[in-house]
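Dumping the structure here so I can ask a few things about it.
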Amino acid sequence: MTASTKPRWRFRRPSVLPGFGITFGYTILCLSLVVLIPLGALVVRASGLGLSGILEVAADPRVASALKISFGVSLLAALTASVFGFLVAWVLTRYRFPGRRIVDAVVDLPFALPTAVAGIALAQVYAPNGVIGAQLERIGIKAAYTPVGIFIAMVFIGLPFAVRTVQPLIAEIDKEVEEASATLGASRRATLWKVVLPPLIPAVLTGFALAFARGVGEYGSIIFIAGNLPYVSEIAPLLIVIKLSEYDYAGAAAIATIMLGISFLTLLAINLIQAWSRRRFGYV
Amino acid sequence: MSETAATTFAALPAKPDTPRSAVTEGRAVRWTLIAVAIVFLALFLVVPLATVFVQALSKGWETYLATFREPDALAAVRLTLIVAAIAVPFNLVFGIAASWAIAKFEFPGKSLLVTLIDLPFSVSPVVSGLIYVLVFSAQGVFGAFFVQHGIQVLFALPGIVLATIFVTFPFVARELIPLMQEQGTAEEEAALTLGASGLWAFLTVTLPNIRWGLLYSVLLCNARAMGEFGAVSVVSGHIRGLTNTIPLHVEILYNEYNFVAAFAVASLLAGLALVTLLIKSVLEWRYAGELAAGGRH
Amino acid sequence: MLHDFDLDVRAGELLGLLGPSGSGKTTLLRIIAGLDFPDRGRVLFGGDDATGLPVQKRAVGFVFQHYALFKHMSVADNIAYGLNARKRADRPDKAEIKRRVGDLLDLIKLSGFADRYPSQLSGGQRQRVALARALAVEPRVLLLDEPFGALDAQVRKDLRRWLREIHDRTGQTTIFVTHDQDEALELSDRVAVLDRGRLEQVGTPDEVQDNPASATVLRFLGDAVEVEAIAESGQVRVDGRPVPGVVSPAGLIGPVKLYVRPWQFQLTEPSAAHLRGTVRASHRSQGRQRIEVERGEGRPLLVEDFDGERYAAGHPVGLRIVGGYVFA
């Protein structure tokens, strides 16, 4: 037989497997109808307002305060979730104890539990007469119906992100590296700080960013516990719902655009962290 | 030096307890950390979950069961099942098609496509609902068209289904894409060289290889579809007995201070969540190798 | 990427495609199978043009490098796959399929393994199942991609001999790809040497070893030392002395490169030698002696000699060249 292959430009590399055209076409069709066109509608609406229009909405004191609460509290909650999430991930991968698998499964509860259910449950538990709320009340902390309640709900939904992003990396740590560090005379603490933790930083940051983004956008698990007092405990997503119920579509679109902008920046940050991590540590 | 070392070594008495490993923490530290982790998880996750069931049953089984004899509650359950029965298969077919095109073929712009498919995960649920309101409301982009033709999208089943599809859009695809990529194309090629048609190869080789990943992702997709609150809340219009899904019904009951009923209805969803978690964990333990690594969500 | 070439495979032969990684040998195999597509050229099976034929219709048996066994199917189901995939009219009945699977299991000496799953088999066993699966469809040509690439040295040797036996018994036209010269030379009826997408030479193992078509083929088939030489009137001279057994190609006159195998050197008195140097190191292995000879500049020469007189480092030696290759 005679043969020769020379690269010629084609959209996809030739393959014997069939079905590329139909599956690719269907994918693009669904993506366009479900995601791109509706999101495009928001962009169209927002560009109708213009940058000045959006800033004008953002400058409204109630909107500004809601955005500040959403972003500020989410930042604190993501920080908390990251610290405890790391601890949980470490304990789950490094230590053996009875019930470990159950604890491991419980971590995903916020993924599986519908947000409205989580919302009313958290409100009940942390209310002044609730199981934990009453104890907090005794030491002078009002949890439900204050920003503290928002914080609690955001930690709840952010926790699995913090745990699940670092957990596989902790599991992959090469024990020989730790042993090498120990044979070179490093104390356990020095080994942890200098050898074990640094490669985990990108994953911790990614988990933090994911928890933060999720917290900012969260609605269902927060509104029941937050009390929703304007200027005090009103979050940005709730304000969108309020604007919509007042048929103020422009205002709702403006707030949504600001929130989308921030989530894209967060996504970008995650990608940058991962690109850096790949360069620096050779993995994501 | 080596001679002294050898002597010392031989002279060492057997130590009563083994020295602690160089690669773990002391016993006390270990148990403290475990305790902190468990207490933290208990306070934030387990106590709220338990509360749902405790509150639901606080007035006894009779009251609990009575909640579900309410026509509004039944209507909510029915609507939720219908929505999931449309949204989940839609995303299943989409996910299989997308992962086949993306994982088994090489073409430019692939990572952009994956990012776009993932997009709904990074959009706030409320914004997810809002974009459909902007498209279909009377002043919306296509609203006029639908209003003219008398098709009610918002505050009706189509809107709820669309919003649900949006928020669960990436579930199946993002589990199957890495899974199929990991598996490569050699087995399909082998099937083709043995004379199988493309469809036959897909059914007898590809599908069995991804079955656990498929089940896993459908499970999570379904849990989210039945439990979605924010996005559905925006597009549903909260019409009792008509456009209320279970989560929305929970909200209404709660806001009416009908706490026992709210928690009773919520316990349905909490039960679903527990079953989902259980099956998910079993799949992860037994078939870890047949799920996409790190594809948990 | 492949350049233009012609390659004829004879019915019933076992042809080895030999080449370094990236030489295009796997691509060629996949083109024959219909898994990859040439931009130009044709694939003919016994005179029929198969270029436009989809992979399913080519009737090839392809054994993948990592076997590509169907993980979720038993050994018997794997082997029967090709028969079960046929349209109802062409499909043998259940009993017939069962019988053929049984025969193939006997052939690959895995009779008791019908109900095992691929994950329960060793690498060598998987390899054999992959082969049986490919043979089950009675292919016109059997294609094997690095058939022993993923196996241990010992299993490799056993399977090589076994594959040769199977081939002798079935007379199945077979093409296999390898980057291992020993494997290609031991197994093949004929060897096709590929390099960077070009077909360098096709011939029996003896032909390619005795008369390599190019320096590339020569070097790929074993170690060789380059020696500066002069070609004139049919002879090749090194340091003024003719090299026995080497005939320079017609019309070639002037400085040339002479390629000498390690065993084409003999150690002699420095005065009667083509080359001179000092021994840098020597070691013995399997009845042979390998000596590194230093010659002032350049890399030391590697010379092979019978395990006779030992030479200490620093010992001055002369090297007589008793063979070699010159290319136009």
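Think of it as A, B and C in the order they're written, each chain with its own count starting at 1.
Assume a residue touches a chain if its C-beta (ideal position, glycine included) is under 8 Å from a C-beta of that chain, and two chains touch if they have at least 3 such contacts.
From a predicted model like this one, the values you see are computed outputs, not experimental measurements.
S.K.: By count of C-beta pairs in contact, what is the leading chain pair?
M.R.: Counting C-beta pairs in contact per chain pair, the top pair is A-B.
S.K.: Among all other chains, pick the one whose mean CA position is farthest from the mean CA position of chain B.
M.R.: Centre of mass proxy via C-alpha means gives C as farthest from chain B.
S.K.: Can you compute the centre-to-centre distance for chain A and chain B, using the mean CA position of each chain? Integer Å is fine.
M.R.: 14
S.K.: Where the CA atoms of chain A average out and where those of chain C average out, how many Å apart are those spots?
M.R.: The separation of the two C-alpha centroids amounts to 55 Å.
S.K.: Could you put a whole-Å number on the gap between the CA centroids of chain B and chain C?
M.R.: Each chain's C-alpha centroid was found; their separation is 52 Å.
S.K.: Going by the contact rule already set, what residues in chain B reach two or more other chains?
M.R.: 189, 192, in rising order.
S.K.: Could you say which residues in chain A touch two or more other chains, in rising order?
M.R.: 16
S.K.: Where in chain C do residues touch two or more other chains at once?
M.R.: 34-35, 55 - these are the residues of chain C that touch more than one other chain.
S.K.: Which of the residues in chain A end up touching chain C in this complex?
M.R.: Listed in rising order, the residues of chain A that touch chain C are 1-8, 14, 16.
S.K.: Inside the complex, what are the residues of chain B that reach chain A?
M.R.: Where chain B meets chain A, its residues are 22-25, 30, 33-34, 36-38, 40-41, 43-49, 51-52, 55, 94, 97-98, 100-102, 104-108, 113, 116-117, 119-120, 122-127, 130-135, 137, 139-141, 162, 165-166, 169, 185, 188-189, 192, 198-199, 201-202, 220, 223, 226-230, 233-234, 246-248, 250-251, 254, 259, 262-263, 266, 269-270, 273-274, 276-278, 280-281, 285, 293-294, 296-297.
S.K.: Residue numbers of chain B touching chain C in their complex, please.
M.R.: 186-187, 189-197, 200, 204-205, 208-209
S.K.: For chain C, which residues are in contact with chain B within the complex?
M.R.: 33-35, 55-62, 64, 66, 68-73, 81-82, 85-86, 133-134, 136-137
S.K.: Report the residues of chain C in contact with chain A in the complex, numbered from low to high.
M.R.: Residue list for chain C touching chain A: 1-9, 24, 27-28, 31-32, 34-44, 54-55.
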